[in-house]
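Dropping the structures in below, format is structure tokens.
Same chain, two partners: chain A is paired with chain B first, then with chain C.
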Partner chain A sequence: MAIQVSLPTILRPLAKDLRRVDTEGETLAQAIDFLEASFPGLKDRLVEDGALRRYVNIYINDEDVRFLGGLDSELSDGDRIDVLPAVAGGQ
Partner chain B sequence: MTRYDDLLSSVGRTPLVGLPRLSPAPNVRLWAKLEDRNPTGSVKDRAALAMIEAAEKEGRLKPGDTILEPTSGNTGISLAMVAKLKGYRLICVMPENVSAERTQLLRMWGAEIITSQAAGGSNEAVRRAKEISAQNPDWVMLYQYGNPANALAHYNGTGPELLADLPEITHFVAGLGTTGTLMGAGRYLREHKPDVEIVAAEPRYGELVYGLRNLDEGFIPELYDETVLTSRFSVGPRDAVAKMRMLLEQEGIFAGVSTGAILHAAMGIAAKCVKAGTAADIAFIVCDGGWKYLSTGAYEGTLDEAEDQLDGQLWA
Partner chain C sequence: MLRISQELVDAIVRHARQDHPDEACGVIAGPSGSDSPQRFIPMLNAARSPNFYEFDSMDLLKLYRDMDDRDEEPVVIYHSHTHTEAYPSRTDIAYASEPNAHYVLVSTRETGAEDGPFEFRSFTIVDGVVTEEDVEILA
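Showing the complex of A and B:
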């Protein structure tokens, strides 16, 4: 199962400076564990006490996972995951 | 009513127009709330007027006072208009990479501008404004990201207007910036129609904006309450520009890029409703017209070119 994850600049040093990495899993938690095996330390930057870190936003096919099921959000083949820091928008 | 005592009295009560060409089915309809019809041409007139009048009522703001605000454009333009008519001085802290039109408009309306570094985007403007505010304790910072009057403007205005014009509303879609529109109108609609879905469309910027962000120093507006929302979509510049152009081509509405991002989310929901066979009346916010963004390159050339042009800009 191929799921592509795009990482923000700040996390790339933990992933051999890659902008996009492939992962596997039926849930977001599994997909993060899969990445952690190749890139130790990445999980700790995303997850804290079993939940997403406050200033980390993760999107599956552009939808914020906090409204899908958090770390239990389901994944399917071909899904696209984006990891982004929370920033101020608005005008 | 179309006659008002002065310009400030004409803020709000904007039209809601149907989009018969973009609506995907007879029972799945899209409705645009034309906030560009406000006095300075954006939804922000509502929050600016409400925040200034709340500060006056609380005694925080007296004639001749100086207002300081972090803003990348529209809120500044709205505050400048209200400040001019009410006799305040306005200083805006804005990222140096916002469009040229916005800077010029602010100066035209009499605002003074302090720029913050492009890298770091609005986060940096907020940080700078807080710093300047601490050095100038007599200046009044209304702080749109945490000022309850911002959300209240939409609870008292946008929300009731939507429900009155579209009692059958099933979805409300708006941009997620200060979160004022979604929090205020969202709460009002939820209280009166518990099943209504409140959907946020959040701009996804280019690398430069996120580039130097530390994940531990992120920013979440104080007004934001996740429980008001049903779902939240991240929309990149390519999709936003494509839908912004579609809105003009098919429905004749000339809107800014952030409206394109909102329409993208609204059309995604509409498509899901058609697939599920459910009826829907989806209202979304047209934040402003396209005039202020002509220099960004979003309105000409191919989508690839527009996407390249917007990279690194705060387009919403």
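Showing the complex of A and C:
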């Protein structure tokens, strides 16, 4: 069984307008690299200088990966990944 | 153009006044593709700051799940500025990631938590480009 990734509106154009895509990997970093092979440009929107971008939230099975180990977070078959841009700003 | 009911405008301004001097933030969801703001969802400003707002990451996930379940999208994303004009800041623009949304800004700098004049403006923010739009208030 694969790992399902749910993409936000703003990233769908990079993934053939798909809302959900499948990936593989034992860590989040590997899962993102797997996606990048099919959808070039996606990784750059998620990762910057080897770390998750500040503006993006990624969840594995409803847990924020910032509390799971970031890009080193472990994955298993059947896991569900959600990607959501942060809603934030300031004056 | 943003078309929005008086009731929803009042709800946004009320929230901005309540949270003054911190920034208030929230979403008005509407049916996908309708461009019609209907469901008022005030959010907690996890930053609790007069200079910054951010939806809590777990609240954000729940919000998007709920909208998905109802086939809704964020038609309006609003927040307040408490001591500057109601215009997107550089930070607002850097974070803006819903190209189809109306970004509403309210400024409470004039009267704070009290009744009185306020600014209420709406913008689209696409690829870092801010465009102000007219606001039509429906009865």
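The rule is simple: the second predicted complex is superposed on the first by the 86 of 91 C-alpha atoms of A that agree within 3 Å, B and C clash if a C-alpha of one lies under 4 Å from a C-alpha of the other, contacts with A are read in each partner's own complex, and residues count from 1 in each chain.
Assume a contact is a pair of C-beta atoms (placed from the backbone, for glycine too) under 8 Å apart; a residue touches a chain by one contact, two chains touch by 3 or more.
As the structure is a computational prediction, the values presented were derived from the model and not from experiment.
A.B. asks: Kindly classify A:Arg12 by the partners it touches after superposition: chain B alone (first), chain C alone (second), both, or neither?
C.D. replies: neither
A.B. asks: After lining up the shared chain so the two structures overlap, which partner does A:Ala86 touch, if you call chain B first and chain C second: first, second, both or neither?
C.D. replies: It touches chain B and chain C both.
A.B. asks: If you tally the residues of chain A touched by each partner, is the higher count for chain B or for chain C?
C.D. replies: Tallying touched residues of chain A, the top partner is B.
A.B. asks: May I ask you to decide whether A:Lys43 touches chain B, chain C, both, or neither, giving the answer as first, second, both or neither?
C.D. replies: A:Lys43 sits against neither chain B nor chain C.
A.B. asks: Would you sort A:Arg66 into first (chain B), second (chain C), both or neither based on which partner it touches?
C.D. replies: In the superposed model, A:Arg66 contacts both chain B and chain C.
A.B. asks: In the overlay, answer first, second, both or neither for which of chain B and chain C A:Arg53 touches.
C.D. replies: first
A.B. asks: Going by the contact definition given at the top, which residues of chain A touch chain B in one complex and chain C in the other?
C.D. replies: Touching chain B and chain C on chain A: residues 8-10, 55, 57, 59, 62, 64, 66, 82, 84-91.
A.B. asks: If you look only at chain A, which of its residues touch chain B in the complex?
C.D. replies: Counting only chain A, the residues touching chain B are 8-11, 45, 53-57, 59, 62-64, 66-68, 82, 84-91.
A.B. asks: Using the touch definition from the top, list the residues of chain B that touch chain A in their complex.
C.D. replies: 42, 44, 71-76, 121-123, 125-126, 144-145, 175-180, 200, 202-205, 207, 209-221, 226, 229-235, 258, 316
A.B. asks: Residue numbers of chain A touching chain C in their complex, please.
C.D. replies: Touching chain C: residues 8-10, 55, 57, 59, 62, 64, 66, 82, 84-91 of chain A.
A.B. asks: If we count contacts the way the header does, which residues on chain C are in touch with chain A in the complex?
C.D. replies: 23, 25, 27, 43, 47, 49, 51-55, 57-58, 60-61, 64, 73, 77, 79, 81-84, 88-89, 91-92, 94-100
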